[in-house]
Amino acid sequence: MEHKLNDLLTKGRGVFLALDQGLEHGPKDFNLQTINSEYVFHLAKEGNFNAIILQKGLAIRYHENYRYKVPLILKLNGKTKMSPGDAYAPQLCTVNKAIKLGADAVGYTIYFGSPHEALMMKEFAKIEEEAHEYGLPVVLWAYPRGHGIDENSTDTLAYAARAALELGADFIKIKYNNDAKGFNWVVKSAGNAKLFIAGGEKTDAKHVLTEVHDAIKAGVSGVAIGRNVWQSEQPLKITDAVKAIVFGGKTVEQALKLVKR
Amino acid sequence: MEHKLNDLLTKGRGVFLALDQGLEHGPKDFNLQTINSEYVFHLAKEGNFNAIILQKGLAIRYHENYRYKVPLILKLNGKTKMSPGDAYAPQLCTVNKAIKLGADAVGYTIYFGSPHEALMMKEFAKIEEEAHEYGLPVVLWAYPRGHGIDENSTDTLAYAARAALELGADFIKIKYNNDAKGFNWVVKSAGNAKLFIAGGEKTDAKHVLTEVHDAIKAGVSGVAIGRNVWQSEQPLKITDAVKAIVFGGKTVEQALKLVKR
Amino acid sequence: MEHKLNDLLTKGRGVFLALDQGLEHGPKDFNLQTINSEYVFHLAKEGNFNAIILQKGLAIRYHENYRYKVPLILKLNGKTKMSPGDAYAPQLCTVNKAIKLGADAVGYTIYFGSPHEALMMKEFAKIEEEAHEYGLPVVLWAYPRGHGIDENSTDTLAYAARAALELGADFIKIKYNNDAKGFNWVVKSAGNAKLFIAGGEKTDAKHVLTEVHDAIKAGVSGVAIGRNVWQSEQPLKITDAVKAIVFGGKTVEQALKLVKR
Amino acid sequence: MEHKLNDLLTKGRGVFLALDQGLEHGPKDFNLQTINSEYVFHLAKEGNFNAIILQKGLAIRYHENYRYKVPLILKLNGKTKMSPGDAYAPQLCTVNKAIKLGADAVGYTIYFGSPHEALMMKEFAKIEEEAHEYGLPVVLWAYPRGHGIDENSTDTLAYAARAALELGADFIKIKYNNDAKGFNWVVKSAGNAKLFIAGGEKTDAKHVLTEVHDAIKAGVSGVAIGRNVWQSEQPLKITDAVKAIVFGGKTVEQALKLVKR
Amino acid sequence: MEHKLNDLLTKGRGVFLALDQGLEHGPKDFNLQTINSEYVFHLAKEGNFNAIILQKGLAIRYHENYRYKVPLILKLNGKTKMSPGDAYAPQLCTVNKAIKLGADAVGYTIYFGSPHEALMMKEFAKIEEEAHEYGLPVVLWAYPRGHGIDENSTDTLAYAARAALELGADFIKIKYNNDAKGFNWVVKSAGNAKLFIAGGEKTDAKHVLTEVHDAIKAGVSGVAIGRNVWQSEQPLKITDAVKAIVFGGKTVEQALKLVKR
C-alpha cells in the first residue's frame, strides 16, 4: 500500500486538481472555455498534477486519453445542490468500476454531523474494505455539516480528521479554516494519515498561496485545488506557485513572483 | 460502445418514437386507434424511427415481431400519476431482462431535486455499470423536479444535463424550454454526451417543428417524440417533417410543406 | 408461454375459484362448513374450475391431494385487515417456492395510488422476471387505492389495467364497477393481456350473473369468484351458471335457470 | 415433515417449557434460583417436556449438555421491553444457525396489527421457506397487537390463527382468552395446524390447570408453559398435573391432586 | 471457543486497554502525547494488557507492529458525538476484515432502549454468527440508552446484561453504577458470560481502584480501562494497581501503594 500511496505523492506531498464540481455545483462554475472538460484535462497534464479528481462520468468519457499521464482519484459519491434535505451524497460508482476506469485511488465524502452520518459511514466502510483489498488508497472528504455544527471550528475539524483516521482513510481531505496556529492540532488528529486541504471558490492569488503556505506550515501533506487553477487566466503559473510552496518550501512572496512572471 | 451508440443514430443524430406514456399518464393519451399498440408499432416501423421507447410490458407483449426492424430503448423505471408523494420512479426492469428483450439501449429517469434524488442516482449508477459492462448505451431522462425547482430555467436544465454527464449517461433526454438562445449552454453542459429533447403534449405542427428546429440549431442531437406523432392524423407526414429538420437541415417552412403535402 | 397460459383457460376464457380470503379478511368470511378448507378444495375439483387461488399456507397444507386435479394460482403477497397504515401487501412467497408447491401461475396485488406503490411495483417487477424465466404466467391484481383515488371510476380502472399491461402481466384481475358501457375501455387498456374481474361479497345469484354477463360482454376473459360460490347453499349450481355465461355465451335468464334447477 | 412434527408431540399433543423470557421481560422474572439457567434446563429434562423454547444465547451457552435429552425450539426473533415504538421483534438467528445448535423446530413472533406487520410477515415468510427446505417445523407466535386491536377478542385471536395458517405455520402459539365456549372457533380457524396456548404470569395452580383444561376441551393441541412451572415451588408436580390434563384427559380436580400430593 | 476466550484472560479474568475514544468522543480526550497513538500502543505492550480495543482505522495504521504482542479486540461499530438523533452506532468493519487485521475478538455496542435497538440487535446477531463460525469470541457493549431509560438503575443494567447473554455474547461490557451491593444481580443476569465493567472519564486513582475493587467483589470478570490509564501521568503504575486488584485480590489500600511508589 505504501507504494501505491506514493504514486500519488511527490516526496510525501501532493497537489491534486479537482474537477468534480460539475455534479456538486453545476455548470455555473464553468465558463465557455472550462465547460469543455478537454481544456481542464489538458491543464492537468501540462501542470503535472499528482492526480485529477473526477466523478465517473468524466472518467468514462474523457480520461481514457490521459491514462498513464494523469493519475486518477475517482470520487465514488456525490450529490447535486438541487437535492433537498439533510446532507447525503450517495455512492455512485463501485470500487470495481473505478479500477476498470484506471483509478489510482478512490474518494468518498462523509458529512459528519448529518442525520445521514451512519449511512455514509457504512458506505465508506465497505469501500475501505474493498479498495484496500485491491491495494487501492482511499481518500476521505471529512466534512462536518449539520444543525449546531460549526464547520469552521478547529475542534470540529480536528474531530472530523480523527474520525477519518479511525475509519481507515489513507488521505483525508478537509476544509482549511485559516486558523494558522491551531491547525496543527487538526493535522495531529489525523495521525499518520495524509491530510490535504480542499481548495474553494476562486479568489486572488495571494490569498490562495497564503492559505496553502500556512496549511503546509501547520503540517498538511498537500492541497486539492480546482477553481483557483482552471478559473484563473494563468492556470499553469498559479500551479507552479502552489507547487513551489508545497514541494519547494517557498514563501508566499517567492511563490507570487512565479504568478507575476 | 461508439458503434453501439451509432446503431441508434443516423450520422450522429436521431429521432426516437416514445411509447412509454401508458404507465406515466394512463390510457387517456390514447384513442380507440392508438390504444392498440400494434398501430403505434406499425408507425414506428413505417416511419423508420431510430428507436422506439418502451416499458418492459409492451416490449414483452408486442415488440417480438418488430425485432431487427425497430431498435428498442427499454425504459427501466417508471411510475403512475396515481402515486402520491415526491417524485420517484422505481426500477421495474433489470438490464439483463432488457437484453433478453432485445434492447439496443436502456433508459432511466432521475428527478433531480426530488427528496428521492439520492435513491434514483444510486439505481441509475448500478444500471450504468451493468449496461456498459454489456456495451449497452444508457439514456438518462434528466428531469428537474421538486419544491423550489424551476423546471424551465435554462440554468436548471444545464445543471441537470451536466449532472447526467457526470453520472455517465451516453444520451441525455431533457425538456426543451424554448430558450432558443440560451439552450446552447445546456448542450455544452452535456459535454460529449448526446443531448435529446423530449416531446410533449400534442400541439400544432408548426409549433412542434419550430421547437425541433430551434433545439437542433442550439446543438442538440435529436428528439424523442410521441404524442405529436401518433396522436396526429398524419403521423408519417409529421415524422418526415421532423426528420427533414433533424437530418436534412431544413427550415421550419420547408418542413411544414412536407406535412401539408 | 402461450401454452402455459392456455393451461389456465378454456378456449381463451376462465373461471377461477378464489380462496385467499382467510389472510385478507380473516375467518369471518367462513362458516362451520367452509372454515374447513377441504370442503372448498372439494368444490374446486367438483366444479372443475380453471384454477384455485391460494396463499402458500393452504397450498402447503391442503393442495397436495389436488395436484394435477385443480390447477393452482399461488398468490405471492397479502396482508391482514389488522395492519394499519397505507395499503401494502408484502411478498410472502418466492416464485421458487410456488413452483415447488405445483403452481401453474403466480399472483401479486399492486395498490396503485398507495404511498407504497413504488415498493409493490418493484416487488412485482422481480416476480415477473423470475416467473417468466420459468415460463410461469403472472397474474396482477390491479387495485387502485389511496387518498383521492376513486376506486370505481372507469378511467381509474382503465389506468390500473394499462399500468398492469406495461408491467408485463399476463392476466390482470380488476374490480368490476358495473359501468357496462364504459368497461370496454378498461378491457382495451389491458391490451393483449387477459382481463379478469374479481368477485366480491356474497350477493344474490341474479346480481352475480348479471355482473359476469355484462363484463364478458364488455370483453373480459373471465372471472375469479369465491364467496359467491362457497358461501352459497348451491355452490355447484352457481358455478354451472357462471360457466354457462363465460364459456357458453348464455344470457342471465338462461343461466339463472341452472341455479333454480 | 409429519415425522418431524411428531418428534415434538406425544400422540399428537405437547407440553413445551418456555425459557425465552430473559430477553422479552428481563431478569425480573427470575429469582436467585432460576437466574441460573442450569436449574431450568434440569427441570426441562426431569419434567420430560416435549421441548424447551430458547433464544439462541441460552442455546449456545447451556443447551449442549441437554442435546438429545430435551428437544429444542429455537426462537428466531425477539425484543426487549426497553425498546420504544410499535411492536417489532427482529430476527436474531438464522435457520442455519438454529440447525447447528440442534434445533428441532424454529419459532417466530408476528404482532398482527402492528405498523411493522408487513416486515415481520416477510421475515417469517423467508424463515418458513428455509426451515421447511430442511424439513424443520415452524412455530408461529400469533400475537395481535396495536392501536384499536382487542388482544382478547375471540374474533381477533381467530383471525391471528387463520393468518398463521395462511402463512404456512405448523404450530401456532396464541394467548388463551378464557372464552371457553368461543375458543373452538380459534382452533378451527387454525385449520390442520397445531394450535398451542401460551402460558403467562405466575398464578395459582387451580387457575393454570383450569385454563389448560378448557383450552384442551376447546380443541388445542397443547400448551407452552414457563413461569407457572419454574417460578413454582413444586415445578415437577405442576408439570405432572398439566400433563395429566393434556395427555391423560384428566379433570382439573384430578390434576390438582397431583400438585397437592 | 473456550480456548480462544482464555487467550484474552488471565486465570479467567482480564484487564483491557480501551483506545476507541477517538471516534466516539473526538481528539479532545487526547493531549499532545496521547494524540500520537504509538504512545498508547507502547503502554498497551508495556502494561501487558490482556487486549487493546480499537476501531479498524488504528488497527490498520498502527497495530501491525504489535501483532502477537498485544491481543486485539476489534470494535466493529461506532459513531461520532456529532451525529444527531437517537443512539445508533453503525457497523463499520466486517468480521472478515477484523480477522485479517489479526483480531482475537470482535466487539459491538447495542444501545438497548434506543428506537434503533432492533437494527443494532440484527447487526449484532449476524456478527455473532459469523464470528463464532470462525471461533472468534464476541464482546457486546450492553448500554441502555433512550427516553425514559435510567442508565444507572441496577435493574436496567441487569436487563441489559441478560439481553446480551440471550443474544449470544461471550463477553459483556457494561457501565458500573457504584451499587456495590446490588451489582451481583447484574453479574448473575449475565449467566455464564464474562461481565466486564467499562472505565470512564479520568478521575483520581482511589476512585478508580475502589470501583474496580467493588465490581470484582460483586463478581465481574474484569475491566476495560482507557482514559484513567493513558491520561494518567503514571500510566503503568495505575495499570499495576488495577491488575493487583483484578488478578491479585488486593484491597484498594494495597493497590494504592503501587500507584504511590
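So that you can tell them apart, the chains are marked A, B, C, D and E in the order they are listed, and the count of residues begins at 1 in each.
Everything that follows uses one rule, which is that a residue touches a chain if its C-beta (ideal position, glycine included) is under 8 Å from a C-beta of that chain, and two chains touch if they have at least 3 such contacts.
Since this is a predicted model, take the numbers as computed values, not measurements.
The chains that touch both chain C and chain E are D.
Superposing the C-alpha atoms of chain A onto chain E requires a rotation of 70 degrees, rounded to the nearest 5.
The distance from the centre of chain C to the centre of chain D, with each centre set as the mean of the Cα atoms, comes to 36 Å. With centres defined as mean CA coordinates, chain E is found 58 Å away from chain B. In chain C, no position touches at least two other chains. Contact residues on chain D toward chain E in their complex (touch as defined above): 20, 22-23, 26-28, 30, 32, 35-37, 55-58, 60-62, 78-85, 88-94, 96-97. Note for the complex: chain D touches chain C at residues 112-115, 117-119, 121-122, 125, 128-129, 132, 144, 146-149, 155-156, 158-169, 185, 188-189, 191-193.
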